[in-house]
Structure formats: C-alpha cells, structure tokens
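A short write-up of the structure that comes next.
For reference, chains read A, B, C, D and E in written order, and residue numbers begin at 1 within each chain.
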Amino acid sequence: MDPIPVSADHHDPYAKPGTLTPAGAEPVVRAIDLQKFYGSNHVLRGVTMEVFPSETVCLIGKSGSGKSTLLRCINFLEEPTVGFIEVDGLRVAADPLRPRNRQHQEQIRQIRLRAQMVFQEFNLFPHMKVIDNLVEGPIRVKGLSRDQAIATAEKYLDKVGLAEKRDEYPGRLSGGQKQRVAIARALTMEPKVLLFDEPTSALDPTLVGEVINVMEELAHEGATMIVVTHEMAFAREAADRVYFIEGGTFVEVGPPDQVIESPRDPRTREFLARTFGKAHVPSADTDTALPSDADTRATQVRLKSQWSPGSQGATSYGPVGHRNEPG
Amino acid sequence: MAMGVGGPGLIGRVSAEDGFRLAHPDVIVAQIAASRARAGLRFRMIFVLTWIVLVGGLAAALAESGKVDPSFIAKWGPFILQGIPVTLFVSVCSIVLAVVFALFGALGRLSRNPPIYAIATLYVSLVRGTPLIVQIIFVYLALPQFGIVLDALTGGILALSFNYGAYLTEIFRAGVEAIPRGQREAAQALGMTERSIMRRVILPQAIRIVIPAIGNDFISMTKDSALVSLVTIQEVFWRAQNAGTQSFRTFEALMIAAMVYWVMTIVFSLGQERLEKRMAEGDVRL
Amino acid sequence: SGGGAASPSAAATAVPSVASVAPSTAASPSAAASPSAAAASASPIPGGLLDTVLQRGTLVVSTDPNYAPQSVKNPDGTFSGFDIDVATEVAKRLGVKVQFVTPDWTLITAGNWSKRWDASVGSMTITADRQKVLDFSPPYYYTPAQMTASKNSGITTMDGFAGKTICAGASTTYLDWLQGKKLDFGTLSPTTTPPAGIKTVSLKTDADCPQTWAAGRNDFQGWLSSSTTVDGAIAAGMPVVKVGDPVYFEPLAIAVDKSGPVDTDFVAALKTIVDGMHADGTLTQLSMKWFKADLTQGP
Amino acid sequence: MAMGVGGPGLIGRVSAEDGFRLAHPDVIVAQIAASRARAGLRFRMIFVLTWIVLVGGLAAALAESGKVDPSFIAKWGPFILQGIPVTLFVSVCSIVLAVVFALFGALGRLSRNPPIYAIATLYVSLVRGTPLIVQIIFVYLALPQFGIVLDALTGGILALSFNYGAYLTEIFRAGVEAIPRGQREAAQALGMTERSIMRRVILPQAIRIVIPAIGNDFISMTKDSALVSLVTIQEVFWRAQNAGTQSFRTFEALMIAAMVYWVMTIVFSLGQERLEKRMAEGDVRL
Amino acid sequence: MDPIPVSADHHDPYAKPGTLTPAGAEPVVRAIDLQKFYGSNHVLRGVTMEVFPSETVCLIGKSGSGKSTLLRCINFLEEPTVGFIEVDGLRVAADPLRPRNRQHQEQIRQIRLRAQMVFQEFNLFPHMKVIDNLVEGPIRVKGLSRDQAIATAEKYLDKVGLAEKRDEYPGRLSGGQKQRVAIARALTMEPKVLLFDEPTSALDPTLVGEVINVMEELAHEGATMIVVTHEMAFAREAADRVYFIEGGTFVEVGPPDQVIESPRDPRTREFLARTFGKAHVPSADTDTALPSDADTRATQVRLKSQWSPGSQGATSYGPVGHRNEPG
C-alpha cells in the first residue's frame, strides 16, 4: 500500500446538507482521513465523513467492519492512529505516540460533551436513580446547579416517556426503558450530535420498537445523529444518508433509497442479502416484498414521508413532547 | 406385557370401576410440598442431632474422663470471657483502618504512575509475603527504632490493619476491575474527568462488590487478633494462655478460648449473611 | 524458672545437637562417679520411667534454648550451656545417651508431656503449684532473682519502682512474685514482697523485656529475671541497670512429668546423681565455667 | 475555520507539493509498537528503581544508624536459613494432607446424607471458627488425652493440614458446584451411577478449577507454618526467634526471617503463575 | 379441574407404526398420562405419547410449553409427578413422594441407557478427548472392554464424519462438530431411542446444516428418535409424526404435512406464524412460498422422498457409513 495523502482540508464527497439543515451551516462532525490500527490490525483505512446539522446518517456494515471503531474514534473513546476529528468546530488530530497533555485532554472532553454517545449495552449507572444518572453529567461536567440540571433532566425524561421512572433504579427497568433513559441522559447534556452504537441490538425484539420510536422522533425534530444500526427500517425511514463500510473503508454512500433499496456495489448487495435474508434483495415494488423478521418490526415505524409532528403511529411509546419543529 | 416396577404414585385413589383416579391438582401440589417439607425437617433434625451428639459427646467424654476440671471453668471462665471486648475492639479498629489502607493501596495498584504503583505493589508483596506473627513483633520492635513509639494496643491494631490492608488492597483492586468497562466508557463519554469517574462511578460500585469480602476478613480478623497477645494485649487468647499456665490447665483454657472464638465467628457469619441478603434484596442492583 | 543470657561466645564448647547423642566432652571432670550409680543399683520398676529410659538407652531432655548461658542453640545447630552440660552428665551417670527437644517453655511447665520427653533439665524452679503436675529432683543450683530498671527510667532503688510497670517472661515465677502470689519454695520461699502499686506485663521470654527498651519502647520501667540472664543482657549492651540485691533465690531442679509412667525409681536415681554431683564438685565446676560464680550452694 | 489543537501525528512526512504524506502502514504499526515498548520499558524501569530505592534505602538507613549489626547477620544468618527445609517439608506435607482432608470434607459437604453432611459442616465450622494458633496447641495437648501421642512434627503437620483442609473443603465444594449442571445431566443420561459421575466427570473438572486455590494456600501455608514453632518445630521462625532471643537481637533476626519468607513466597508465586499459564495454554480447556 | 382417570393401559390415539417400523412391533417409548408439577406450576397436564421402532417424531411448541420437560421425564432427568414411562418394555411409574430405592434406581438407569439424550448445549466432557467421551458410557455403564468400546466408538465417530477428531479435546471443536460428537456419544451406547432437545439451537446458523444432515441420515436409516426442534424443514422432511404441545397438553398431532403445512388448530397456526414468520403460513404450493431464514437452511436438506442411501446432497458432511437399510 502506497502512502496516502492526508490533508486537513479533505472533504467527504458524499456529504451534503440534509433536508432539515439550516442554510449555510457548516458540518457539525468531520472525520478526516481517519485511520485506526489495533496493533497491526488495520481497522479503519482512511475514512472521511461529514455530517451537517439536523442530519441523521446511518452506518451499516458487517460485524468487524469497523463501525463501532469509527464511532468511538469520533469522541476519542478510541485514540485514532491517523487523521482529524472535528466536532462543532473543535478540531483534534490523531496522536497515537504520546499520552495526551492537559490541553489535549480538555479539548477531547469538550468534544465528548458535544458528541454524546448511546451504547448498545445502555451503560446506565446502576447505583444511581434514573434522575441522578441524568444529572450526573450536567452537574460534574457542565457545572450546572443541581436545580437547573434536574429541570433539564426532567424535560428529557418526559420526552422519552419515562417521567414516572424518575426515582427508580435502573435495575428495575426493562431493556427498552433502560435504553430510553440512556438516550435521555445523552440529551440532558444538550449535545451537538448524538452517536448511537447499535442501540437496539441488546434488546428483546418486542422492546426494539419503543427505542426506535424515540430515535425517529429525534431525527424528525432535527437532532443531528450518527447511528450504527442493523434496523434497516429505521435507516430507510429516518436517514438522510447511509454509509456502508467494509474492511475499514466506505464502499457505498448515499441516500437510503439508493444504498438500501438499490445498492450498486456488489458487496453492499451481498451484505444486505446475507444479513436480512433474500426478502431484502432490491425489488421494483417495496410494498409487495414479503414481510420478514425485520419488516414485522417495521410496521411499528412510520415512514418519514408520512410523518408529521404530533401524529402518533399505531404503536405509541407514551407521552412525548416535541421540541423545535423543523421548518 | 411390560415388565417394570412400581404402581402409580400415591397421589389419588384406586377404585373398582375405573381403576386409578387422580387427586385434584391442588391436592397433588399440597402432598408434594408436604413431603418436601417433611424431608427437609428430617434432614435438619438429623443435622442438629449429629452436632449435639458430636459436641455433647465429646464434652461428656472429657468431663467423665476427669481430664477436664469443671471447677477450672467456673473459676477462670469469666476471666477469659473478659477478653472478648478487647478482641472485638482490636478487630473493629483494625478492620476500619485496614479498609483505609486498602483504599489507598488499591488506588496505588490501579495507578499508572510508576512510583506510586511500585510502592503499592511493594506494600502488598511484602505484607502478603511474610507471616503475620513476624509483622506483629516487627511493628512492636521496629517502629520505635525510628522514634515512633506506640502503645501496645495501637501497635497491635496497626500491625493487624497493615496486614489485612494488603489483602484487602487486592480485593478492592479486583472489585474496581470487576466494574464493567462500559461504566467507565459511559462516564468518559459524558465528559467526566478521571477523578470524577473514579469517585462517582467506579468506587461506589466497587465498594458494594467488596463488602462481603470485608465481612469475611473481619471474621478472620477476630481470630488472627489472637496473635497480638504476643505484644501483651490481653485479649481472649492471651487470657486463656495466662489462665492455663497459671493453673496448669492449658488444655481446658484453650478449649474455652476456642469455644469463644467459635461462637463469635458463628454470630458474625449469621450477621454477614443477613447483611448480604439485605443488600441483594435492596433497591440498588449492581 | 530458668533464665539467663550471655553473649553467644559463652558457647565455648560444642555439644551434640538434637538428634545426635554423645557423652559430654567438656563438662564432666574425671572425678565423676562411675556411671550408672543409681541405674545399676536397684532393678527398675517394669514399665516405669527408669525402665523406659534404660531400655531405650537414651534420655530425652526438654530444654528451651532461649536462655543463655543455661541453654543455647549455636549457629551450627548444636546445644551448649550449663543445663546442657548438667543433662549430659546426668545421662552419662545413668549410663544412657542424651537427646534434646525444644518445646515452648509454657508447654514444659504445663505438664502432661505425653511421654514426648523424659525430663526437663531446664533450670525449673520447684514450686508447690508445679509439684501438682511435676516431680522434682533435689535442686542442682540456685539463681538469684534480680530486679533491674531501664537506663533511661532513672530508677536506682527498689522504692523507685512504686507504681511503675514491670516486665517478666510469660509463665515465670518472676511474674508470679510480681503479681503478689505466694511462691512456695519450701525453706527457700521468698519473704520479700514486690514494690507497692506495680503493674506487670509479660512477654514471651525474659530476654524480650530488655530488647523492648533497646528498641526504644518504654512500656515498662522494670524487669525481673535471673541474675544470669541480666548479666547476659548487660553484656549484650542492653540498656539495663541492676537495682538492689536479689529479691529471692530460686531452687532449680530437674523435673519429671507426674502424669507419665511411674517415676519413683527414676526420681530416686536422679536424687542419687544430683547429690553425687554436688558432692564431687562437678556442679560447682560447671557453675564456675558458665556463670563465673558458684551458684550451687544456695543463699 | 476550525479552532483546535495538534497537527497530524508524527507518522509521515510533510512535503511542499502535496501537504502531508502518510507513512506506509507497516511503518505506522512499527512506530506505534516501538512507542508502546518504550513506554512499557520506562514503566518497568521506574518500578524496579522505586523498589531498589525503598528497600535499599531502608536497609542502608538501618545499617547506618547502627541499629542493625552486620556481624549478627553473618553469624546467625546461616542458622536461620537452615530452617527453610523444615518449613518447606512441613508446608508440602501439610498441603498434601490438607487436600486429602478437603476431598473428604467436600464430599461430605455435598452429601445428601444428613449425618455425613453434619459432620463435614461441623469440621468446617469449628476449624474456620477458631484461631490456628489455638488449633496447633490444641492438637499438641488434646490428642494425647485420648492416648494419641504424635511427635511434634507429625502433630504440627496434622494441625496445619486439618486447618487448611477446612478452608480447602469449601473451595473444593465451590469447585464442584461450579461444574455446569449439564455435565452431571449428560453423565446421568448415559446411565452412569452417582459414584462414577463424581469420580469420572465432576471431580476431574473440579480439581482443575481448584488448583490455583491450592497454590495460593500453599503459599499461605509456608507463612502460617511459622506458628508450628510453638510446638518445638525448628523452622525458619523458630530459629529466628531463638537466635534473636539468645543474642538480644530479635529485631534483626525477624528481619532475616521476613526476608526468607518474602523470597520464598515470591518464588512460589512465580512458579504458580507459570503453572497457571501452562494450564491455560494446555490442550484441555474447561 | 376434576380428577383425571389414569390407567396404565391408556394409548396414544395418534400413534401408529411409522413407514420404517417392522410389522407387528410394539412401541419403544410410551409416556402414559404423564403429568409434571414444578412446585405449583402444572407444566405437563397429562400427555400420552407412543413411539414405534424406527419412527421419528418431532415435538414442537412455544417456549415454556413443556417440551423439554416431557423429554427429560422420559429418561427421568426429571421425576414425573403422575403417570408411567415405558422404554423398551421397561416400565417405571411416577413416584414423586419418596426417594427412589435401589431397585428403582437400577430400572431408571436401564431406561436411561436405552433412551439416550442429545442436549442443546452438547454437554461433552471437556476434560476427555473425543474418543474418551464416547467410550466412557459403554465402559462404565455397559461394562464393555476398552477395546470393544473403542471399536464401536470409532464406527459412530466415522458415521458423523469426525473420525479424524478422535484425539482432539472438545474445546478445540466447532459447535457443529461438538454436537455431532454428542450424537456419536449417544449412538455409541446403541440405544433403542434417541432423544434430541433442540440440538441445533445453540449453534451458529452456518453450523446448523451439518448437524441436521446427520440427524436426517439417522432418521432415514431407521433410528427411533424423539426430536424437540424449531427446524421446521427437518420436521417436514424427516418426521413421521409431529406433536404440537401447548400449556402442557398436545393440541395437535399428526403427520408433518398436516400439522406444519395445514394446521387445523388455531393455536398451532398462530404458533407457526409467530415463530417462523408469515412465510410459513400454509399455502397451497409450498415451492412457491418465498424463502425465509429457515428455508435458506432447508436447502441443505434433502427431502425424504428424494433421499436414497448413499446419495449425497449438495452439502455433504464428510464420510458417512450407512447402517441397516430400511426395507
């Protein structure tokens, strides 16, 4: 492999402002020429991705293709080997050879609190009540007063429909409720972008819907989101752009109706076939495709085109308040 | 046609016209539950009986043989029992201090600062690598050489807690490492500093994991505190030895001491069991 | 109680170690009576202690080698000391070899030896309490009990100990005396009483007391032990000063377990031997050798 | 346009015409590996240095202060070291015997026969409920009352192994219970008898689980064997105390003993680590 | 609930000799009026099942319906509460109130060695080599000499296509290989009947085929088998009779083309729909039904009608010897 040119001014050729992006906005997240080695395992082989405000992008790909690694490099849970991360105008370059100095550490912390992550395994703090899980970050990290923090926390807890679980311990919640609390915890930090790493993979199939509903809601309200997911129905409905990653590089990028419904690259096509069964192989008329596992769930999900604020699908997940309506 | 054993189970009745008729399900459930309860009761009764026979038989045999002098027990028993508060005081103080040692020890063992890590590791290695009895005498004789003169009680407590602190250090470290990596990552992702993560997220969870081990160590401590008798602390064992040698009845004296320790550990174990059960039932699930 | 200490150099002569057995090389002067004066005289009681020892051909003697110069284990593993020489000579006169074992002092004085050893030649004080569980030979020497003070306590007179704390070895007569118990040594019973209002502490062995001072501790101001041990401590540079005259003298004897095999003939044989050793000057010679003084004649 | 820190990492070169050019991946991998290795080496060096400074500094301070007499060490060191074979002999014999006790103890604790279960439980409870020092003296004094006179060495070994046997009993029991239920069921389904199941399926697996614990207990045993000095066994601690008392230098003597024990435990721990690693790598995966 | 009459002479109304059953043969397994309580949980509510020699019957039903319990009662891994078990003419009555005496224990052992179980979790002995796993039973239980046992073991190891793994430890085998060894272990006991409890549920989807292949082979060679499974393709192809159990009673019993292809009972229909997706809802022409998850695997399986001894399907699982050819 020959040396690759790296430049801080590289741009994601596929990135373009999403349907909800305010005019003239700069990208919130830029990952530039990102590479990551685990030992000699070359996991990310130079990826460049830009996400504009109020966009939802989905990251799909086989197990081990580097999806989580990319997401975790964005908020420096993993130290990238080469490249740049920029979140909300804050740029930090990869620097794998030295421990980070204080100034760097502070920059990284600033990036983290702007790019909040929701984990597959929820990772709620089990020794704290739900409300304390939510206020921990704002109080310790953003220096809010407890009262302020609680007010914000309650707002977002209400948003995910769990106001009444305020004083429960996480151990007493179902998986779906846990993940909704985790989303509320991220929202309470009022970040610029939300990172989701397979937020429904650890859930019982019957509980996937309630979490997907919350995420859809957020997407439609103009939250900026990067979502690693296997829920094709979600990607199809809510994503502005889908990145298909394989072997640490983007193989195909585009709007969902291109990447998912009529993939051009044979690798994408094979992935979709293998992962979701043959029912997903592109067909002229999606509506006539026979329902399968994933589609059974998809019935709980409203298509973006049909969605309007305040409307409730057949399956609701409790009281949900609506933030700023996208113009 | 078929060879085999057994008729239908007892649950029901056989009648002439339609063979065997089964009891109502509720009756079946009740009968099985009753049979289980009977078996459990029988087991427990035989268990208790065996203990009584063994312990009582041994006591009776000793009393009969004339090898054990009941008047000795009457005379010296109270003297030995007076050691219990001392034993308890030493044990409680030592376990508290040991937890403090262990907290710092564990932070050191988890530190990525090489000198701090090295010091904590040396502490653990040295203390776990030498006999407690050596350490107790050592603290008694060594610290004064550096101008630190502690009274015997303080010195004994210090030695015990220094020793247990090293063992607890490793338990605490394991407790911290048992916290799933996701907890740290979630806290990092929130933007928390390393200090906050440790103090707010990791330690509170680790301590709960570690409480049973502290309980176990406390129970061991009550027994190991017998060794501080060497530095003139008049706890149960010291008193027993003293009484024994004075009246040439070391055997009886030690038997009394053994009983005292046994009862203490049984009581504490029961207490610990209840504590653990309460913790398991509590709101906070880890 | 036994007790004495001296610089290790006191271990001038090598005496066989635990397992090995040999006649004394240094201790026994030519004046020693012909061997087995007692043993040969009467036929031992079958199954009795004397019978057992003679049958075995070995006298198993317990000694606590924490008491120089009475009993010392040398760096090379051999034993030496006054008690060792006495025991060796006793065995020689019984016509058997000698072997030493080293149980804890508290175990020796507790009796119930369970035939693990035959006799204690360990400078044990004859007390009425011990006579309940042990039989004794006549005293083979007498040690003065010497009160001492730590150098930096500033105490110089017995009265200076009033209200102070005094250390003694665990299970010693010194501790008993300090605690105000009546010591019953027969005609030698002490008439002195301990200083008024004292408290006591006991450490495992006598020699631990002065070391505590040397280490810099001041948990106690006085120490009561045998003058032999005290001399040893002073010689080793311990910060110890003698205070006053000896407070009493202890008759020290060979002890035998009462609960063991019948021992009347054995004790009788011991009496013959010890009396003989007094008479022929053997004990005096050994005392001069180890203590630089004749302690065999009593106060 | 973007504020922020840091230029591109060091891996590559900047040229005039096309900005930054990345190094070959192999070079990147090698550079990172080298940087890791350097950091690791530095850590280990500081670690060792800290130990040397601490231990050496302490030794030097003591030597300088005149509190420690080098001639004492020269003279008595060898005498104390001669206790090592005794310590080892006692420890090895005791651990072997303890495993035997524990095997029967664990079978008893797992038995559904109430008297057997009761006896095993009493054993564990009594032994774990009383101090080892009491047990050692007790075995020495009590058994003869029943006409059993053991020489000191046998008695000491018996007491130690009886004690450790009780602790190992519970470890063995836990080991047996850690074997997945499916193993027992598979053996039952084959038609094996309870005896065969235990002997052929459960125990062989449980023993492998339990080997590290036996190793740990052996290391503890070398230290606890110091207590058998009380019953006349001339192991390291006995010799140290003896040498110390005779020459009024208990402090130095105990320091030597502590070093001896420390070195022994370090050596054994290394041995155990290697054993565990070998077991982990072995063909048989549990 | 009123007392149920129990009689040792009850018969399974659906049982009839299978296609491969020798004429005039008696059932190998009879479970008569079987009931099982776990505490007050009434798990089996009186089931009667008879299996003739060389039959393969499949047991299907929802999770918790009592499938495993029934199977485990047949070889007394669970003590039944009421009823009779008869295996190869050996009959033992339920007797939950007392511990079994020696005579009973011996009878139960005899039943167990005639009715060999294959577990979902394989349960191989990890401390023994494959060959030792296989000879352990024959040597300890049947008293065979080691040489005899090894000869038998090698035969069956060869049959499941794992002759070359003879001296491996189970830890080194893939899941599929483990389960094939477990089958060989059961076969080495030369039992009258094989009991399978979801033998492929713990397997990676790619490994299911090799195990199913072995089981099909056995079925076609005339082994008597009771199989709890979710692999409908297997049931459809290999079963003589399918028992659908719900709430501890048989709801529908019959040949697979009735129970699976055109279930009559609405509960069966609902179960099939819920478990296997709508593709499984009976349709007039099975071949035109769209492929789904289970069907993807089914392509590795030969239909009974197409099967003939010695023929190898597209996916083979190594050298397979053939026992007695069914007439």
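To be clear about the criterion, contacts are C-beta pairs under 8 Å (C-beta built on N, C-alpha and C of every residue); 3 or more make two chains touch, one makes a residue touch a chain.
These numbers were taken from a predicted model, which means no experiment stands behind them.
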Common contacts of subunit B and subunit D, by label, are A, C, E
Count the C-beta pairs in contact for every pair of chains, then give the pair with the highest total. B-D
Euclidean distance of C-alpha centroids - subunit B vs subunit E, Å: 48
In whole angstrom, what separates the CA-based centres of subunit B and subunit C? 43
What whole-Å value do you get for the distance between subunit C and subunit E if each is reduced to the mean of its CA atoms? 84
Residues of subunit A that contact two or more other chains, please. none
Got the subunit B residues that touch at least 2 other chains? 141-142, 145, 250-251
Enumerate the residues of subunit C that touch no fewer than two other chains. 107, 110, 112, 204, 211, 215
Footprint of subunit E on subunit B - complex, ascending: 1-12, 18-25, 28-29, 31-33, 35
Subunit B-facing residues of subunit A, complex: 75, 77, 109-110, 112-113, 116-117, 119, 121, 123-127, 136-137, 140-141, 169-172, 185, 189
Subunit B residues within the subunit D interface of the complex: 42-43, 46-51, 54-55, 62, 65, 67, 114-115, 117-119, 121-122, 125-126, 128-135, 137-138, 141-142, 145, 223-224, 226-227, 237, 240, 250-251, 254-255, 257-258, 261-262, 264-266
Which stretch or stretches of subunit B touch subunit A in the complex? 180, 182-183, 185-193, 196, 200-201, 204-205, 208, 283-286
Of all residues in subunit B, which touch subunit C in the complex? 140-142, 144-145, 147, 149, 151-152, 230, 232, 241-242, 244-248, 250-251
